[in-house]
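Look at the two complexes coming up: chain A is in both, with chain B in one and chain C in the other.
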Partner chain A sequence: MSQTFSGDSGVAEAVKSSDLHPGTGAAFNADDFEPAVRINRFQGLSRPSLSYWSDAWMRPKKNRKATVSLAMVVFLALFTLVGPFLWRIDPSAQDMARISEGPTFAKTAVVIDEAASWTAPELSGIPAAPTASAENLLAPATLEADGVPSSQAVRLKWAPVTGASAYAVYRSETKPSGKVGTSELGVPIGEVDAGNKVGYEDTFNLERSEYFYSIVPKNGEEASKFTTLRVVLPSTIALSAAQALKSDIKVGETLHLSAHPFGTDYLGRDLLSRLMSGARVSLFIGFFAPLVMIFLGIVIGGAAGYTGGRTDNLLMAFADFVLALPFLLFMILFKIAFGVGAGESGIFPMLVAMVILSWPSSARLVRGQILQLRESEFVMASKLLGARPIYLLFRHLLPNTMGVILVSLTFAIPSAIFTEAFLSFIGMGVAPPTPSWGSMCNDGIQTFLTHPHEFLFPAIFISITVLSFNLLGDGLRDALDPRMRSTS
Partner chain B sequence: MKNSTLVIFMQLTATVALTTPGLTSSALAATGSANKTLSYALSTEPPQLNSLKSTDTESFFILGHTMEGLTRYGKSGEIVPGVAEKWTMNDQGATFTLRKNAKWSDGKPVTAKDFLFSWRALVNPKTASEYAFIMYPVKNAEAINKGKLDPKELGVSAPDDYTVKVVFEKPCGYFLGLTAFGSFMPIREDFYNSKKDRYAADAGDLVYNGPFMLTKWTHGASLALDKNPNYWNKDRIALDRIDIPYITPDNNARFNFFKDNKVDLLETLNKDDLQKAQAERLKMKNFADGTLLFLEFNFRDKRPTANKNLRKAIASVFNADEYVNRVVGIPGTKAGLGLIPQWLRGSKDLFRKEHPMAARKANVAEGKKLIELAKKEMGVTSIPPLVWLTGDTPLSAKEAEYFQSLLKTTLGLELKIDKQIFKQRLAKMSAGDFDIVAAGWGPDYSDPMTFAELMTSWNENNRGQYKNAAYDKLIRSAQATAHATTRMTAMADAEKLAIDDFAILPLFERTKVYVHHDRVEGIVRHAVGPDPDFTMASIKTTKQ
Partner chain C sequence: MNNQNSSTPGSTLPKGILEIRNLKKHFEVSKGSFLHAVDGITLSIGKNEVVGLVGESGCGKSTLGRTLVGLYDKSSGEVVYQGEKLPSRYASSDFKKYSREIQMIFQDPYSSLNPRMTVREIIAEGPMIHKLWKSDEVNEKVGFWLKRVGLSADHMSRYAHEFSGGQRQRIGIARALALEPKVIICDEPISALDVSVQAQVVNLLGELKRTMGLTLLFIAHDLSMVRYVSDRMAVMYLGSMVEVGPANEVYFRPLHPYTQSLIASNPEPDPEKERSRTHTVLKGEIPSPINLKPGCRFAGRCPKAMTVCQSVDPVFREVKPGHSTACHLYA
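Right after this comes the complex of A and B.
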């Protein structure tokens, strides 16, 4: 590109003449006949030179959006590459005691002994199957926890109800309103099938710190009266599980459990480490596919534009043909063609399909630019001076299309990331247990209403990434387009 | 049973696109109180209402309301008289006396000929019914179905219009239960022939003898059943209409329909719905639907799972309590013990009480030893990745991932998860294109045989091709007698063989949690038979 010089118009400054003596006409001395000293004072640069690239760098720096998105991209790169070294939790390690936990930072648990087997107390002297109508049944007179409740097991025992042949056990996360009619006792957690068995052990998915248990006596139908007990569950961990984390721990000690800043998923896996390893897949596709695709685009577009004529027509007709091919169908076909079996990652066929089907757009851009540049004066001049085609291509044509190429590259990245997310979302991408942001969204959306974090975090990451690359591309386009210079 | 079994895994995903049908007037009726209409939402459209060809739960649900066999299921699953008024049964056969006031919806009487016609058609190889085998206890049924005999040779006869005589091939203690089953429903020959291929294609292409008639069927969108004015027991039917304004596989959508009072019953809640339901303060009930879910291993040659120590290693690291409580997460779910679920009755008491089976305890150390043994036997240093075939629902994916991690961390086994849609999964199961498949089996009738027969070498649904001559022999002997204790003991012995061989690894016996609105009473859930059963339901009259 042409450089702007400061100073006067191109020619050297006026020669500094020796003293003239106008009007005298006679007094010459020998010095006067010395040849004049030619002072070659070329024009100087009064400001530092501004190259194409430094200009390109300067402008996005002024563009706040572009700077922020560039910072985001750097952050994402660090998150993906450095993150796993700092946050060393195995993304596929399952912790069934901590399923679908929200973000937790410091959780402790008291180590307790393995739960000894427990059988519900069975009373003698009370018939197991009496006959009384359900309407007349009373609520159990007492209801209490047997032993200390823990997040391993809650054991309940209650006073027998005369005439009951069974008891239904309900568990609720909120306090029942106490209205007669037992309409909101919570989850039917279990049933005791004899009137003289007055205990129940609940081991079902105890993940909260507080539950309300209700016992409803039954005889065929459920009675309308019930007794409710509030049980507070301290956070506990069984000895064997604790020893797996810290070998020398003893019963009664407090164990610090690992923090999950982004919570855990439906199998108790750490979301942050899954996001990091998912980012690897998403960003790999996001960079690799556009790079290969642009390279193909340059080669084909360059060839078409430079040679022109029949070749150009043929290549561009082929590009049009490729553009018309359906992506999803080809993705599936490639998956089969590459023999990607069940349960294997579909990332490679996805990559191939993306590259093969998306090069035409960049090829068209490059071809258009080259076609225009080919006819421009400086290229003609170069040709006249005997430049060979290779020289022309690499020296003049391609560098001048760089702006267009870079911009289309930055716009291809978010669309590639999005395609990967979409394909993994519909189950065509990564194979479990490898996570990717798209597949994590797919898993998370099932539980969106109850555990929103499982869906929100990967979704936010996809959105931020796509947005930053788009804004960065926007900034780059402004920066790299020389015609935009006068406006900035 | 073929498919009632496997439909199981077609649990409904929240991601499936939903086409919301417009609010129909019938949908609004659910909120009216004077109206005796019950509203319900189906997850899929009934694929086949021709009782000769139906194999799935949705179709049997509709048929159970619109048709009536010789018997039907009562409130607690017991057999009650249907078209048959009374019957006698012994080891050789059974005689049913039909009631004279049983009528078709067009007013014509239901006669013995209607049963003869449909039963013969069911075993006719030309019909190619997948359920033909269920008729096999009837004399000559198997031979007819294999094309060796003429359908007229079936051991059923009608001495007069109101008597059906059945001759058994071998004693069949559970035959009464079969007569309530969907495939045993009567079909009127003249009507069937007049419709030809159109039979049961639309609401008008069926004639009904049950409590309800299908009056509206907008394919893919909605159905409506109206009370049958010609039903012999119509005074006992309290509902005027069963309206099905929505058909959607989307669990969340059905939950919202229920919340918005557009349907009266939500047939099943999944793990995450439980919290929503608590927040909404819904009254939840649970019921065991009789289905056993299990892992089936592939016994075909060259499959790693043909090695017993490998199967045993997998079984020994499986922690049933953790799986049921944390992964399945539906309260009331029982850990699977054997092939025969705990709710089935034996000779006097529950089968499982008469023939107890110990719960398996996880033992990782033993599993590690066994896997080394298996490698030695197979002569390999590492076992190739196992293909885990499963359904395409979120739940089955979670289960698969749980096992993937479990087997990787404990045994160092790699699992490749092969998620397939229902039909494709069935095809792959039949082709033996798997190592382990997460399968399920629901009962067709209320006898342990409906499960015990599953692992016999001649059963088409024995997808892993487990073969054990001793097992086959025991099941044959159980089928040859009507003596309850002998049968049960033989089946228990056979079950023990299969479990000790690790032919299957029982996971859990399914329980469903459901909710219905207070305005409806008497909704019955059946493990066997049409489920849910609305024939005994009524609408509470509320003051306005």
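Right after this comes the complex of A and C.
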């Protein structure tokens, strides 16, 4: 073996000087090997040592993904816990005047008096039934809205046309070009049957914010000339409703309405405050179920793995049995067993069902890990040093299963959030009026085509939460694994 | 038959500190079929003596070591430590009781240190379990043992993975030494290391033996290294002892054909001689240690096999003073 070394290295000298040839029978002593001892050489490289947790803290800071997801989780926690104190809108307060409204930030409304009646103005100097022929009739010289138009009432007023005995009123959603005659004016919504009556009230419940009204003078037949008015409907609020918000408000004044940054749902409830209180339910289940489940998993898996033998076989057979149970069926059975009716919120039975049916996967993981670690040499060494089983379990076995437990938890939190959402979505979990992200999705899906925000916002919250917990778990696993400790 | 005394050379050595009598360890690999990992080992280790144990990979050296310290239950036979019979099945209190007497250095420097513990925690583990060290002297004591095994005291707050294989092996040695045991089973403490580090560890163990009065069972592959460190050498083949004797005797005048071929296959350090030498390679397969047939285990591969070897188990007997073997050639 000595021929492979170059002559000037200390190792080669050591081998050369101490003749290992068996034939000589020379006795060796430790001094023969001394030149090879260069202990301090490869200890020159060193870095200041960090404690376990400070190092664990350093690493996710370097990992951008983990940092972003940590920020997200902190944001979610604040959103859920602090949000309701900042955004003080009652999540169950309904506002039927503002249902399925998209996101609004600074909304104002003009106060109108919906009770007041209106009569069309009648002019005295003009004959009610003149005799000009329909072709010679001119278009009304003016056309204007009387008062503040609202979705409840649009009041029109125009200048009389000499020779007209009646006026036809049309309403269109698009602007007429004025070239094709009266056929493009839209829906004929009414007729005024006197030439001196120059007003009309449209009390149809309007939905759009912009309409085109056209007035066509008539004398037996409709004239070919007409006048069109573009009416923009401002948002209005009835006087009685306005006075409930602000007592000294008068008709015609503008009122600042509460903003709904995320819009409202089909009952006019504020979506943001519902998302906040829904987060409480969703995250509570999303944390509580996995934590209890992992705890059960550690206890049962740890017991099975550590004791081994008969106990292990029994526990794992039981775990297999539980794993084979159908989840939905058991969900229904649990609801019945807990006496939860069809429309009631069954948060507790849902939690119990989720924990009882999901511990086997983590128990198996922990058990496998413990079984493997139990045979490892460092556990044997500790046993030889006189360690008791409890000490072995808590000092050696469980800390080394931490990685597996964390990974398991990483997957369990988003999956529990998802399960809750799914169950609430199909009506098996949290029932109205208690909001949860899943039941909000369920409400929103019905109006998805017309008001997508009602579905999208809770769905986005579910996705972001699931994603950030996954990323955080990833980062956490890297951070707590000493084998991944950076050497830089 | 009085094997435990026959393997002690002469009467100069005191009665063995560790007496192994017909020790067996069988693993049940499937129902009714047993793997005879250790199959009737008898060996006496004297106080302050270094016994080298050699044998092919898989012959049961580690199993013997682990059975000796109680990590494996004994299938049969007994181990007597300083006149006291060790339990055949250790309870956790037995481990505590004997942990300050017999310790072990493990074969694999990578899996024998808990990755979640710092070097300080690893080395202080035993003394802390036994409440030997006060918490304010831990740093000082750990530093002492680290220096003793050639590491620096600054290393104590690092984790095991931050060390090289040789440095880890030293940490393992320091862990075993910190309880100041009387006997240490060294399970191939050097086979994972390169030659220069091997020399360091061997010198370290030799020095510790002298200064602390240790008794070592030194398990290894490398015959010349075993001869260098040990007073006596024991050769194992397929779970049983084939030859025990003074290290130089066994190395230069081996009795058993297996030992002879083992030593012949050991390369010579002189390249001239090594090149001109004819290598005799052992022919045949190592028999399976499961459900062994009667007769000498080595018979199938033995160049000097006789008809008697196929059917009769050879008796382990003293052939020369202090030099015993299990072979029909010397019957």
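Everything that follows uses one rule, which is that the second predicted complex is superposed on the first by the 318 of 488 C-alpha atoms of A that agree within 3 Å, B and C clash if a C-alpha of one lies under 4 Å from a C-alpha of the other, contacts with A are read in each partner's own complex, and residues count from 1 in each chain.
Following the convention adopted for this analysis, a contact is a pair of C-beta atoms (placed from the backbone, for glycine too) under 8 Å apart; a residue touches a chain by one contact, two chains touch by 3 or more.
In this text the structure is predicted, and so the values were computed from the model without any measurement.
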Please indicate which partner A:88 is in contact with in the superposed arrangement: first for chain B, second for chain C, both, or neither. neither
After lining up the shared chain so the two structures overlap, which partner does A:445 touch, if you call chain B first and chain C second: first, second, both or neither? first
Quick one: is A:386 in contact with chain B, with chain C, with both, or with neither? Answer first, second, both or neither. second
Which of the two partners, first being chain B and second being chain C, lies in contact with A:431: first, second, both, or neither? first
First (chain B), second (chain C), both or neither: which does A:203 touch? first
Tell me which partner A:173 touches in the superposition: chain B (first), chain C (second), both or neither. first
A:310 in the overlay: touching chain B, chain C, both, or neither? Say first, second, both or neither. neither
After lining up the shared chain so the two structures overlap, which partner does A:184 touch, if you call chain B first and chain C second: first, second, both or neither? first
By the touch definition at the top of the document, which applies to A:267: first (chain B), second (chain C), both, or neither? first
Residues of chain A that sit at the chain B interface in one complex and at the chain C interface in the other, please. none
Contacting residues of chain A [partner chain C, same complex]: 1-3, 10-11, 14-15, 19-22, 25, 28, 30, 33-34, 36-40, 42-43, 46, 49, 51-52, 376-378, 380-389, 391, 396, 399-400, 402, 482-483, 485, 487
In the complex, go through chain A and note every residue touching chain B. 92-94, 96-97, 99, 171-174, 177, 182-191, 203-205, 266-267, 341-344, 427, 431-433, 442-443, 445-447, 449-451
Listed in rising order, chain C residues that touch chain A in their complex are 66, 69-71, 92, 95-97, 99-100, 103-104, 106-108, 111-116, 118, 125-126, 129-130, 150-152, 154-155, 157-159, 161-162, 164, 167, 172, 175-176, 179, 195-196, 199-200, 202-203, 206-207, 224, 228, 248, 251-252, 263, 266-271, 273
Residue set of chain B touching chain A in the complex reads 13-15, 252, 272, 274-279, 281-286, 321-322, 325-327, 329, 331-332, 385, 387-389, 392, 394, 397-398, 400-402, 404-406, 408-409, 415-420, 513, 518
